[in-house]
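The following pair of complexes shares a single chain, subunit A, combined with subunit B in the former and subunit C in the latter.
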Partner chain A sequence: MEEMKKAILEYIVEEYLEDDDDEITFDSPLISGGIVDSFSMVSLKRFLETKYSISIPDEKATPEAFDTVDSIATVVNEFVS
Partner chain B sequence: MAYSERVRETYQQQLGGIKDAGLFKQERFIHSSQAADIEVEFPSGSALKNVINMCANNYLGLSSHPDVIKAAHEGLDTRGYGMSSVRFICGTQDIHRELENKVTEFLGTEDTILFPSCMDANAGVFEAVLTKDDVMISDRLVHASIIDGIRLCAAEHDTFKHSNMDHLEKKLQLHADKRFKIVITDGVFSMDGDTAKLAEMVSLCEQYDAMLFLDDSHASGFIGKTGRGTHEQCGVVGKIDIITTTFGKALGGASGGCVSGRKELVEMCRQRARPYLFSNTVAPVVVSGVLKVLDILSASTERRDKLETNADYWRKGLTEAGFVLKEGDTPIIPVMLFNAKLAQDVSRDLFDEGIYAIGFFFPVVPQGQARIRTQISAGHERHHLDKALEAFIKVGKKYDILGKTKQEIIAKYGK
Partner chain C sequence: MSHFGSYEDRVKDFDWSIAEKELEYNDGDVINIGWYCTDRICQMGKGEKTALLWEGFGGTEKKFTFNDIRIASNTIGSFLRELGVKNEDRVCLFMDRIPELYLGFLGVLKIGAVAQPLFSAFGDESLFVRLDNAQTTAIITTRKHVSKVRKIVEKMPYLKHIIIVDYDGKKPLRDREVAFSLEEATPVEEFECFPTTAESPSVLHYTSGTTGQPKGVKHVHYSLISQYLTAKWVLDLHDDDIYWCTADPGWVTGTSYGIIGVWSLGVTQCVLDSGFSADAWYKFIDKHRVTVWYSAPTAIRSLMKAGAEIVKNNDLSSLRHLASVGEPLNAEAVVWSQEVLGKPFHDTYWQTETGSMMLVNFPGMKVKPGSMGRPFPGITAVVLDPESLEPIKEPGRPGLIGFKPGWPAMMRTYWNNEETYKSKFANGWYLPGDRSSIDTDGYFWFTGRDDDVINTGGHLVSPFEVESALLEHEAVAESAVVAKPDEVNMEVVKAFVTLKPGVEATPELELKIMNFIRKKLSSIAMPQEIEYMAQLPKTRSGKIMRRVLQAKEWGEEIGDTSTLEDDE
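So, the complex of A and B:
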């Protein structure tokens, strides 16, 4: 789980943060905090599905469920066999 | 009656939530025509106040230009008030096609189709030309109307970091398997006032076989040495596959917009774009006004040259006064305040000083990037800018933000 969170955090920093943005942690609010706009979640979902060879149904990929690295890891874990 | 108390209360609570969050938008009633000097009733019921408008999209000062008004009157007299039809039934007059041809020539494209607004053009264009086998790759700061258009389209969607060409290239590589790729950007980004790196985007699109879409609403008429837009400034006229733009800003400021570009794509919009097929034709009076605007701009660069001089003067004045600005070289000059309440307070105090400039904050701009967005016009004279600068400095001193860095302002007011 810890490894997964690190990988997700690393992707989010690389994909969404600009150089002068503050650092983020596992519990930083990503969508409600304006770091990831709900529209750009598409690429995050695609990354998770490719990396963990899973398919996350749209109803599970809600802005609430994807709001922190912690909560994203929980969703991903549900689908990783 | 189906509008029960339960329904009413739900909406009242939602509106209360918007008010509590400080996000409730209130209109200010202008009693004059659009210009640098306007008469405003604000708050509602107050006595009229003469203020200098520093936040209109009236970049070229043509919204109330006598020649444009005269042409609009003539259009009204000769072609009537309305057409009571969509274009393809009985809503196309000779002047509609004349305007499409003139816009094509002005922008240096292959063909053009008019829409009731650029919002409609952006809402309709992607669905008309793309399928689920394609991908749209958009800059993260594109206008809300483009986002709506993307949502309506079956093609896959991805984004790249604002103006980050390395990130764009990665996305073009990632989506190499798609039938068509289209890169989507604004020409001038309306909140920051910066310009897209179009030359680099054109070469990336050529390298990776992608089309390029440009919304030039905040550029058409004044960016580039003859005002054709960002594609002129970046030396890529003829290389943009789709340009959308508006007649509601620099080009007269009334309403209407268009899709201009490759002739097959324009024709697809004529056959398939829903906002074109299912909404009314652009009113003859507006078409007549825009035709005159394009004549004025094709005859002389005087207005865009004056706008450039004004914008340079304003940016230099604010910089020397010690404000933190977003970098750029367009007439959109955001004064950065970072904190939402500070932006609202500064806007209110400026209004008291006779300056109309609006505060923008999350969710319109990213969290912690609240600002006053100023927009310069060729309709501003030097005395307008000097008076506005004086007011900005007075208010800036009151809040002790002059000469302060971003970090110092955030330390004092938070973000």
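So, the complex of A and C:
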């Protein structure tokens, strides 16, 4: 789970963080904090599905469920066999 | 009691001079939107009244009175003047919804410069084409977004000043960059606004079309007349209201009704600068006791998706009037809001080019769920036969929406693109590019767009712009971009691509292409789905038949493709 969180965090820093000085942690708010917007959630979901070879139903990919690395990892973990 | 009263009474003998009189404006006078939204309100004795209740991420709050926003806009205007920014220079505002965006907008207008707000989610390429078209003199931004400006600054010799409003001193400023802190700047109490007149340019908003680059829609200070009156009558803003417009000032709703309409009336507004969450939105309404709420169908559908249970956790009894804009408001959303919030959302129809509301559902008027409503008084609206361009008389028969030109907030031209501006008029009508029918009661019903522009979550995306950007990806050989139906956003961007020889079509590549577009253009323009094809459907002359792909996505009959092959 820790490895998974690190991988997700790394991807978010690489893809979504505009300011190099900004730092985020596992519990930083991503959607409500304006780092990842609702349209970009689609590419984040696609990343998770590709990396972990899973399919996340749309009803599970809510702004609340995707709001922190912690909560994203919980969702992903549910579908990783 | 609403400001509006009876529709028939208002339409009868209507004249825009109603607004001119209320604003004490006479033909030929100086008219400056920045002054009207701040100094005039203070002169009316409302200086200590709250103008802005701002809440940022993590619950950070700031409060500004009308006197505060008067001084803040003076201070920003003064800073720009000292830099050498002159009247009619274009000044871009490229920020999230922080107070400096709202106050900077007014400061730019006060010096007679042209405010060019751009949505902060734009990538560097989207930013460049808009700044380049406007030959922008200065950009006001933040540390979060300045990296996108730095990527393109060398291509923009005309951009003289990059103003960073939250500079923290950690890294040195680069060439042309200058720091400005509203909190640390010496407040400017007395300031002489530039004496703009009715036709002086005020705001430059960019909008996308089917083909070509985005168009800069030029508005003038006289737009205030219709923005003031529509805000008063359609949003039904009263002196004691707490108003919340959820639109970003990067788009026209966020300036016409998120700044100009509300503040020219001296009404308090609140702003939430954080990402969407149904719970956070309801809590915001509850906390600030919002009375008038102007939002968008995509947000309303997202709230519907979050369920009715979450509504019960908050006290939303303060809400008095609800309105919507951005895309057609489906009947289900109107019915839902009546059931769950106890009030219907009132749809309004207008666009960047119209500058103010055109077809509206007034408070007190019977709302027909799914209808765009009726023309605002002073607006002559018809549905035209697409062939003859003559008004259709029969109720229910769809055609092109047409407006008789001449209302105060109408665009004056497309920046550096007079030819395209002229093409928007035919047979004496302005054509907004949408189709509708009119029922026997005079209500307009949206039936579709008249072009290929994608309306996703209320934002217009040009398929041409996305197709061009896709071709810049190293793996893509050809591309076609269409709208795909979506439950929440109405439409989303879908791309069909063929790959260059030797490139393997993989899910990883799809993600790379999506992110490539997101960074280059914006998250809105990012295809939500990419379909690999061996070849794209083309005419005999080799032109890609976007229409065939669009029909496929919407489950429509493709029709006679042999004809398409000839005329596409």
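Note that in this section the second predicted complex is superposed on the first by the 78 of 81 C-alpha atoms of A that agree within 3 Å, B and C clash if a C-alpha of one lies under 4 Å from a C-alpha of the other, contacts with A are read in each partner's own complex, and residues count from 1 in each chain.
Keep this in mind: a residue touches a chain if its C-beta (ideal position, glycine included) is under 8 Å from a C-beta of that chain, and two chains touch if they have at least 3 such contacts.
It should be emphasised that the depicted structure is a prediction, and the values quoted were computed from it without experimental measurement.
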Side-by-side fit of subunit B and subunit C on subunit A, or clash: clash
Touched partner set for A:67, first subunit B, second subunit C, both or neither: second
Chain touching more of subunit A, residue-wise (subunit B, subunit C): C
Which of subunit B and subunit C A:34 touches, first, second, both or neither: both
Partner chain in contact with A:43 - subunit B first, subunit C second, else both or neither: both
Touched partner set for A:18, first subunit B, second subunit C, both or neither: both
Candidates 6-14, 24-32, 294-302 or 366-374 of subunit C: the single one with C-alpha clashes against subunit B: 24-32
Shared contact residues on subunit A - subunit B and subunit C: 18, 33-34, 37, 39-40, 42-43, 46
Complex contacts: residues of subunit A adjacent to subunit B: 16, 18, 33-34, 37, 39-40, 42-43, 46
Residue ranges of subunit C in contact with subunit A within the complex: 57-58, 96, 121, 143-145, 147-148, 170-171, 273-280, 302, 306, 456-457, 507-508, 510-511, 514-515, 518, 523-524, 526, 528
Contact set on subunit A toward subunit C in their complex: 15, 18-22, 29-40, 42-43, 46-47, 49-50, 62-64, 67
Touch list for subunit B against partner subunit A, complex: 140, 147, 150, 156-159, 161-162, 362-363, 366-368
